[in-house]
Structures are given as C-alpha cells and as structure tokens.
Amino acid sequence: MRYFLLLIGTLGMAAAMQAQDIDPVLTQVKARLDSIAGFEVTVQMEVDIRYVNMPVKTAELSYQQGNSVRIRSEDFVMIPKRGLDFGLGELYKYPFMTLNLGEVEFQGRPCELVKVIPTTDASDYSIATLWIDSQRRRIAKSQISTKKNGTFDINYAYKAPKDVLPEGITVNFQVADIRIPLRFLGREAQVDKGQLKADPGQKGAIRLLFSEYRISR
Amino acid sequence: MRNLLSTELFRIFRQRKTYYAIIAVFILEAIIMISAYMQGREILDLFLENLTDTFEFNGNLLNGNLIVYLVLNSFWFHIPLILMVVVSGFLTSEYQDRTVEAVLLQPVSKLKFIGAKYMAALLFTAFMLALLIVTTFLFAYLVFGDGDLVVYLEGLSFFEPHEAFSRLVWAFASGSGTMLFYAVVSLTLAVLLREATATWIVAALFLLVTTLLLRFDFGSEGLNTYFFPKLTDTWQALFYVEVPWDAILTKSLVLLGYSALAALLGIAVFIKRDIT
Amino acid sequence: MILEAAAISKSYGSLPVLKEVSLGLERGEICGLIGPNGAGKSTLFRIVLGLVRSDSGQVYLDSQARKPLGGIIEKPALYGYLSAVENLRVFARVQGMRLSRPEARDLLEQVGLPIDRHDPVRNYSMGMKQRLGLAIALLNAPGCLVLDEPFTGLDPIGIRDLRELVRQLAVERQIGILISSHNLSELGDLCDRLYVLHKGEIRHSGPTREILRRATLKYQLYGRGFLGSPTLSEAGEPLSDTSALISPGPHSIESLLARVAAEPGVGLSACIPQLDLALLLEKQPV
C-alpha cells in the first residue's frame, strides 16, 4: 500500500512537472513567436560543406503558423532539416519537459540555458539545448540532437534588439563524406581514395540570410 | 584545292555510309539519353546520399543539363570510334576502288589531293559534332527541361542553368578539339595502312590505348601533362569550380600541335609513296 | 615525239622490274606495248603517268597543255555510287574544269555511252566502264593517252567497239595512244608500232607488220583441194582437204600463197597467221 501511494505520488509529481515545468523564458519566446500568424521572406542560402561547391542560392520562404515552412526557388536548393522551426512547432509537437541550467553568457549577451527533454518516444529529437536571450526574449542559439540525423548546432543573428525573427541563421551539422563508385568518377579517380576512408565524417554548415520579411499578424 | 575539297564534300554526302554514320550517331545519342535518364536518378541518389540526413532537396537535378553532361561523357569512346571508322574510310575506300589513282591521273598534285582529304575530314568531323551538339541540347532541354547541373569533380559542384549551359558549350568546344585530333589520326592511319579493315582495327586500338593511358601515371610531370593521351580529356576541366582557362588553352594548343604533326606525317608519307 | 620515255629503270627492293626501257610515241600514232603478265607493262605506264617514281631515266612530254597525258591503269577506277555524268563532273572539277551537264552528256555521246542513264555506274558493264574511263581520260583534251590492258574483261564485241573508238581518237583528234596488252592479236590490227616488253626489257620494237611477221612461223589456211596441192605438202602437213597449217620456211608467205593459188583444183578462202608471243620474247638485240 505504501508503495502504491509512492507510485501514485511519483506519477502525480511527474504529471505536475509536465504541466508546470516548461521554462517561463521559453514560454515567453513561444508567445512572441505565436503572435506572428505567418510571413514570407527572401532567403539567401550558402552551403559550406568541404565537398560541395554550390553558389549562393536565393529562394522565397513562406511560413504559416502550425505548418512547416515552404520554400520556392527556380534553382535547386538544399534545405536544412533543422533550423527553420520559426514557431518552435517542432519542439512543441510532442510533450516535453525543460530544465533551466541557469544564466550563461553567449556572444556577450546574458542567456538562459534551457534543456528541452521530450517525454515521449514519438519525438524525433532526443534533447535540445536552447540559449535564450532573456532580456530580448528570443533564441540566440540552439543545439538539437535528433534520433536519426545527428546533431544540429544553430546560431541566430538578429538585426534589431526587438526582432524575434532572425536576420541570419547558421546551421552546423555533422555530415558523412561522399562515396562515389569509380565508374561515375572523372579524372579525380586516383586522388581522394585514401582520404575518403580516413575521413568518415566532417562538419558542415549552411548559412541562411533573410531579407524583406513580409509578416502577417 | 577548293575544287578538290568541294568534290570531296559532294562525294561524302552522296555515299550511303555517311548517312549510316549519322544514323549511328543519332542512335548512340538516343541510347545515351535514355540510359542517362534511367541512370541519372541512381547517380543523383549516390551523389546526394550523405546529404539526405541533413537536407531536403528542392528542385530537379535530373534535367537537360545533366543529360547533356552525360552525353558529353560519350566523348570518352563512342563518338571518336564512329568518327575514326568513317573518316579513315574516306581514303581507304578510294584505295580500294583505286580512285586515288584515277584522280592522280588527272592534273592534280598529291599535296592538294591529300590536303583536301584532311580538310574534308576536319569539316565532316565538325559537321557531325555540330549535329550531335545541337540535337543533344535541343532534345535534352525539350524533354528534360532546364535546371542546375551537378557534377562530381573535386567534390560535388552545382552550376546554375546559365552557368551550366556556358560550361557545357565550352566543354563541347574543347572536346571537339579532341575529336578532330582523333579524326586526323585516323586519316593518317589510313594513309599508312591503306586497307580498310586494318585501319579500323588499328584506329580502335589507338583509341583504346589512348583511353587507358589517360589514367596511367607515367611518373613524370612532363609526360603526365603533355603526352597526347593526357590531353584528350581537357574538356573535363571546364567543370572545375574555378575554370583553369590558361591550362585548357595550353593543353588545347598542344593537342592541336599533335594533330598538325599527325597530319604532316600522313601528308609526307602520301607524297613520298608511289601509287601502286 | 609527243611522249618519250628514256632509259627507265625501276626495282622493287632487290627485284628489277624495268631495265633501261625506252619508247616513244608520235602525235596521232597508236603504239602497242606487248608482253606477258609480269613483264613490267603496268609499272612502266605508272611511271609514264607519274604515279610511280623511276629509279633512273626520264619521261619527256612535248606538250604545254595543263593535262598533257590521260590514262587508264588496268580497269577504269570510278566512283561506283555516282552516275556517269556525276563521275565526269567530279573528275572535271578536281582538275579545275567546270563541266556543265550538257557538256558531260556530249562527252558521253562521244565515247558511245547512253546519256539517259542516271543510275550509279556500279551497275554498268565492264565495256561501259571502259568507255566512261576513256571519257574521263579525255577530259581537258590531253595530247596522248596511255591505256593499260583496256581490253581485259571485255567480250569480243566490246573489244571490237573499243578498238574502233581508240582508232577514231587517234585519227580524228590526232591523239597519240600508248596501249598495252598481253594478247598480240588484240593489238595486231590496231597499232602502228609495237614494243615487246619481257622481264623488264624491250625485246623488240618496230612497225606492227614486222613484229607480227617475226611472231608468225605458221599460217592456218582454209580452202579446198588441199590434199592434191604439191606446194602445200612441201610447206606443211595438210590436215584435211579444206584446211592446212603451213610453215613458209625460207619463202615469203606471199609467194607461197601465189603458188598455191595458181595450182589447178586448189581454192583459197582464208589465211590466218598463227601468232606466237613466245617467239618475240627470246632475247636478242633491239
């Protein structure tokens, strides 16, 4: 009976934590973002992966609250799987709890370091860490460890102190090196073989630069 | 010389085998396009395999530019083979029918006769290449549309449509220099061997060995850069991110020198040798 | 002389093919070069026509014409996929001549070819190809023609027609014609003079009748009453009453025939010299 009560108590606490333990700083940021119903913006994308040579691409990005972003471009563009979660919809999709690790300084600004831990298996990330600029109530940096696609390190840059939508996002990630069968290779066949074996993975980044936000509230 | 050249061209286009060659090039082009279309998806999947974890892709890479690029790759072997067989036939058939003799019984100098042959070979090669290039671009863009070109050379390089088009055109131009080299060599082989089958076999062997030597490391910077097999794929350099124009120009000029040398050898042997 | 070859020598490796061969040709003259296969006739003609370089000796041409010399070596070489008119126009164009279609048809008529055929000449008979070859050789009005074995592959009617054409060219256009054959009878009644070539050397040369006489030891006679002829039984063995193979021996054939004709009961209807090329090939001073 005692154990039973303990169990009930524990479960009750857990449920209470779930309800209460979303960090207020995060909630504030989410509320600011939720005030934006949608927007359209022009985005320049610059891919920085050692073995990819791609010119800077321009695309039109549109966001509607509750939907994932849509990107239109005449050209071929590579869209990072993380980093475009403007409304934090992906973080909030499944239940989670947060853990505030206190204030840290990030890029000369005081930030709250908040860990976001999903509480169900359905979520496709295992943990996310957010550096939230508590004064300006916006995210300065996030680190999302996904279950399948590795860890994404995302830095946000803003134009004005009041802005909640970033002017630039840099997404850093781990990427496996390319393996091309010999028959598809041109003259470089003999050059990179050793290097390919020795280098199973490397860092890559994509830099997104936003301009001309057309925001609907 | 102009008279000889015009009769050469007149006769080339009155022969059935010329049209067989043109049809062969079209069939080859169609097969390459179809297999490029079928393989293209597989190639792209391979190229992009390690990026799919991190990225979603927006846009069509299996487009006209990729198809044209894959057709361009046929320059490695198929097109030169057809060209060498046809061009060497310009002379071997004349030896076989003894019309070399009949023409030289007229007041025609040997130099002008063989000079006109080389000129006709070059013009015919240029015509075939123009036909191939124009139809390739036309069909590729009409059927597969425009879009970014992705190639694997020192990593994955993406070129925007206008950039891709200009690089492909230059690559075709540079590759055409290689094709002209093969055409000249095949005519010189025809001068040396005179007999059609022997010339075909040696021409095919020449092409095969050249292609193999292209990948061979001679252990010497000079040989690795300027020995003729190393100059037959200069067009590939058009797909480096930074196009090494100086190197392309130098290599093209050296290959032109080799072509001139091959032609001079053929002309000298033809003039020196009796017509028997 | 419109054409003169002087002391032409040629070897293929260590094998001598021509040894100081000399010959000459006058305007309007038909000269025959007779010799067995392998005698060096084609090599000599190739040298005369400038296709092959001689090791020594000279070829002189007395002509300032753009094309002093036309020729056919062995079989005529034509572009089989072109029509006769197209062949003529192509061969004219290579030497800088612009030949209109009517002009080409005129030329065809001159050599006795039909002008209404537009099919490729690969369909033509050998005789027609020879005629077209001649028309091509005649382009640009050369002063002399060199024809190597032009009768090869022709049927008897073809041979007769071609001979007629050659004679006509010599007589009407005053073209000097050098013609070769390995068959003495083909040249006998066509040529004004004959050269006999054997193993790369000229063995005999001179007026045709003299050469033919040297090549003839026997005559085949046809007639009647031969069995009763004393002259015939002296000169040869009568085979039958109507034919006999005779050797005139020290007598001339003319006197022998006169004697036979004078004999009672004997009638002569034909006398055919039995030409023997082997007789001409024996080595003796030219």
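Letters A, B and C name the chains as they come in the text, with residue numbers starting at 1 for each one.
Convention: a contact is a pair of C-beta atoms (placed from the backbone, for glycine too) under 8 Å apart; a residue touches a chain by one contact, two chains touch by 3 or more.
The model shown is predicted, which means the values in this text are computed figures rather than measured ones.
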Exercise for the section: Report the topology of the inter-chain touch graph, choosing from line, ring, star, complete and other. Expected result: line
Problem - Identifier of the chain whose CA centre is least distant from the whole-structure CA centre - result: B
Practice task
Just give me the whole-number Å value for how far the CA centre of chain A lies from that of chain C.
Solution key: 101
Problem - Centre distance in Å when chain A and chain B are each reduced to the mean of their C-alpha atoms - result: 50
Fill in the blank from the handout: Cα centroid separation, chain B vs chain C, in Å, comes to 51
Exercise for the section: Going by the contact rule at the top, pick out the chain A residues touching chain B in the complex. Expected result: 49-55, 59, 71-73, 75-81, 148-150, 152, 173, 175-181, 184-191, 204, 206
Exercise for the section: Report the residues of chain B in contact with chain A in the complex, numbered from low to high. Expected result: 43, 46-47, 49-51, 53-61, 147-148, 150-161, 163, 215, 217, 233, 236, 239, 241
Exercise for the section: Give every residue of chain C touching chain B within the complex, in rising order. Expected result: 46, 49-53, 66-67, 70-82, 86, 90-91, 93-96, 133, 136-137, 139-140
Practice task
State the interface residues of chain B toward chain C in the complex, per the touch definition above.
Solution key: 3-4, 6-7, 10-11, 14-16, 97-99, 101-108, 113, 274-276
